[in-house]
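Presented sequentially are two complexes of chain A, the first with chain B as partner and the second with chain C.
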Partner chain A sequence: MAVVIECKDVTYYYPLTEKPAVEDLNLKIESGKFYGVVGENGAGKTTFCALLRGFAPGFYKGELKGEVLVEGKKTIEYGGELSAKIGYVFQNPFTQISGVKDTVFEEVAYGLENFGVPVEEIERRVIEVMKMTDIEALAEKNPFDLSGGQMQRVALASVIVLEPDILIIDEPTSQLDPEGTESVFRIIKALKDRKKTIILVEHKIDLIAEYADEVLVFEKGHLIKSGDKEKILSDISLLDRGVSLPQVAILGAKLKEKGFPLRKIPVTEDQAVRMIRESLKEGKQDA
Partner chain B sequence: MENYIEKIQIRKSNKLAGLYPSTKALIVLMYAVCTFIVNTIEVTDIGLPLFLIPQFLVILILCKASGVLGRCIKALNTVAVVALIILLVQTFLVPGGDLIWRFGILRIYERGLRTAVSLSFLIMNIAGIFVWLFQTTENKEISRALEDSGMNYKAAYVFTSTLQMIEILGRNSKTIMNAQKARGVETEGNLIVRAKAFFPSLVPLILGAVISSEERVLTLEARGFTMQGPKTHLFELKKSGWEGKAAAASVLITVLLLAGRIMLWLL
Partner chain C sequence: MHDLILKNVSFSYPGGFLAVDDINMEIKAGENVAIVGQNGAGKTTTVKMMNGLLRPTKGDVLIGDMNTKDYTTAQVSRVVGYVFQNPDDQIFHSTVESEVRFGPKMMKLEPEEENSRVEEALKITGMDKYREENPYNLPLSTRKFVTIAAVIAMNTDVLIFDEPTAGQDMEGNKRLADILRILHKQGKTVITISHDMEFVSMNFDKVIVMAKKKIVRTGTPREIFWDMDALDKAMLKQPYVSRVCRALGIEGGVICIEDAINEIMSRENV
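Up next, the complex of A and B:
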């Protein structure tokens, strides 16, 4: 698959800091894949996202060593047009309101206005995205009057509507209840089905296990593990390093430890059920 | 299907309220000029610019004709209170000229009365015309007009978001006041008690605004704010059709008033 973003020997310092927030990062992001980014607080996940989008060092300044390439061109060489390529949803929903629009409809439409999209097309796309993100009922409300969870959906909608090929989403579910969280993941899944490349920071590991293709694990500014989700999330040694793993993986590991004949460690519920059933069946046949 | 684009438009049936913002700005400017001219017409023995008082009727008539008198009254009341305070303070505190009136320790001097009347009614008139402007015009009309007038889109953004922010800050300060109260900070009572409560409450308010404005820059960037090329506007600014007439009338009245004033000098 085609590489859309590449990090080569990236080390990044925020201004006036001595310790890099991200160090020695080498990574290729491939087109159409869904990457789940995990790691403890302060591990550098947000900084990593900002690097991919060029906000670091473009906006935060600071010092960048190595290079970040988006479709082969350095992020520092791009101007405003990177916003059409990469959609970015921030961690804090409260600052993601443009501050110049007084209805949710206009808020979602704001980016398309900046892109100069014709009026009829804006209307069609905004309505479609409001349906998809389930915020149509809020269309005429003032964006400042929304709850945290509602703002988070509006922020997501405002970026999805731009139809970028790459989406970077930083903890979109921090303000959401379990149901809202599931629905956000379903939205992201739908985006993936449209061949978008997705980079998602998320602490809810069970959902990462369910939906992502690849997992990137950060620890103290280092990318300590990356690769296929089944490989990473079944690596029980990560538990000792403070990385949370799916409940079923822990269960699987414990079962294996106790001598239960599992083929390998499951990472999703479906897998676990299937594997345990198979093992039980084999067990019976052996007996 | 809901017609959202139609819903965000502003349709005014009143031809005056619906004037194009730049025409309204011209009216405001002309009104201010007229006010300063009227201020120079001094009557009575001690030269008070008393015509400023009946001039204020023009504001009321303008608001009434624009169909917003009800909404304007509240703001005009506030303006009147401020003007009254200025009137009293200036009347009793500014010395100079003949002593006109005394009662106990209170004294009114000629100069004091003159500056008091002039200043307070100037303020009444000029603040009044701005009340009319803002009560008949919505923020997004102003910002759209600014952008159309060739103002840089970044400057227009600063203007619009400031108007929005004032509204939001007002709301947030109430929330923060309530939070302070919940923590036992006294926010009611006399002026000193309230001042003591007020300044600490500003700290989170201002810090919050500064931090979020930094992050907001990134949000705007992600939404293509700095994208090159023409932008689309969902909101269309409409003319009411009376722009020509209104502009001509306001300029004409100002010119006539000025001519009249010069005549008075010459006579």
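Up next, the complex of A and C:
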């Protein structure tokens, strides 16, 4: 698959800091894949996002060594047009809401207005996205009168509506209940099915295991692991490094430790059920 | 010590929106309770009535022998501490330490008592290393611990944590579990709202399920997480390992990894 973003020997310092927030980062992001970004708070995940969309160093200043390339061009050489390619959903929805619009409908339309999209098209796209993110009932409400969970959906909608090729989403479900969380993952999957490239920072590792293609693990400013989710999330040693792993992977590893015959360590619920069931059956046949 | 009792309590926001509809609840002094349910189920409104931030529009909220109707929020908040869902609604000092010190200072305690409370709260929450930091320089998930420390320093008998698990990493969740354990040992009543079913199944004795402004069921985690009806009503799911066991036909009330291992291993040896 085509590489859409590449980091080459990237080290980045925020202004007035002596320790880099991200160090020696080398990575290729391929088009149309869904990447889950995990690791402890403070490991550099949000800084990584800021680097990909040019906010570091473009907005935050600071010092960048190495190169971040989006479709082959350095982020520091882009102007505003990078924001049309990459959509970004903030960790804190409060930061994202513009504050200049009085209703959720207008808030979701705001980005398209700025891009000069014709009014009829704005209406069509806003309504479609509000349906998709299940916020139609909130259309007339003031964005700041919403609950944390509702605000997170509005923030997500106002970025999806721009239809960027690449979406970077920073912890979109922290305020959501389990059902709301799964619905956000289903929305993200629908975007992936539309060939979007997705980079998602998320602590809910069981859902990353379910939905993502690849996993990037950060620790203290370093990308310590990257690759296929099954390979990474079945690596039990990561638990000792502050990285959470799916419940079913921990279960699988502990079963294996006790001598239960599992072919490998499952990372999703389905895999766990299938593998444990097989082993239990085989055990019965042997006996 | 104070038992907490809600009697036929309803709450409507100004404008008439009914957020809590005729609920009854009893939490005994020293209990460690989780409240779960969807966004909008009425969880936050319910707990805000417990510390007097909101007054029931119908019914009574009793804390020991205090009816919150007859007391000011300031008086109630000396007995029931509330940690806001959004730390930014709570923090207003420029250093972590002064934020945590504010409560005890307002209570006009002896200086030694004030100091010891501040130090203990900072230590329990792991915030001692950030004492000189501006809370807003800390990530949101860490900032939450500043607000928890500020409420712990008030030394109230009852503490309410509103979604402390939101945005926490593994380390943050561990620290929260430790804090809950310490407070429980001290005999405090702790009420926690959470969306993290794994966290709830492992850290609480009692779970209250809310849905659509009402209480669906109260029980132990083992009872709640195998009551499919209650979970469906509240749009909640079992913990992951319970789901795996259920799919395997193991219905032994599994709610954690250790349970699951025992059940699965015992079937292998049959």
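Things to note:
The rule is short, and it goes like this: the second predicted complex is superposed on the first by the 287 of 287 C-alpha atoms of A that agree within 3 Å, B and C clash if a C-alpha of one lies under 4 Å from a C-alpha of the other, contacts with A are read in each partner's own complex, and residues count from 1 in each chain.
Definition applied: contacts are C-beta pairs under 8 Å (C-beta built on N, C-alpha and C of every residue); 3 or more make two chains touch, one makes a residue touch a chain.
Here the structure is a predicted model, which means the values were calculated and not measured.
Looking at the shared chain after the overlay, A:Gln150 reaches chain C, while chain B stays out of its contact range.
In the superposition on chain A, A:Val215 makes contact with neither chain B nor chain C. In the superposition on chain A, A:Asn92 contacts both chain B and chain C.
By the document's definition of touching, of the two partners only chain C reaches A:Leu280; chain B does not. Contacts of A:Leu191 after superposition: neither chain B nor chain C is touched. Applying the stated contact rule after C-alpha superposition, one finds that A:Gly42 touches chain C and leaves chain B untouched. Of the two partner chains, chain C is the only one that A:Pro246 touches; chain B does not reach it.
Applying the stated contact rule after C-alpha superposition, one finds that A:Leu200 touches neither chain B nor chain C.
Shared contact residues of chain A with chain B and chain C: 92, 94. On the chain B side of its complex with chain A, the touching residues are 1-2, 4-5, 7-8, 139-140, 143, 157, 160-161, 164-165, 168, 171, 212, 215-235. Touching chain A in their complex are the following residues of chain C: 37-40, 85-86, 88, 139-142, 163, 166-172, 195, 197-198, 235-237, 239-241, 243-244, 247-248, 257, 260-261, 264-265, 267-268, 270.
Contact residues on chain A toward chain C in their complex (touch as defined above): 39-42, 91-92, 94, 147-150, 171, 174-181, 203, 206, 239, 242-244, 246-248, 250-251, 254-255, 258, 260, 269, 272-273, 276-277, 279-280, 283-284, 287. Chain A makes touch with chain B in their complex at residues 53, 55, 59, 79-81, 83-84, 87-88, 90, 92, 94-100, 102-103, 105-106, 109-119, 122-123, 126-127, 139-140, 144, 158-159, 162.
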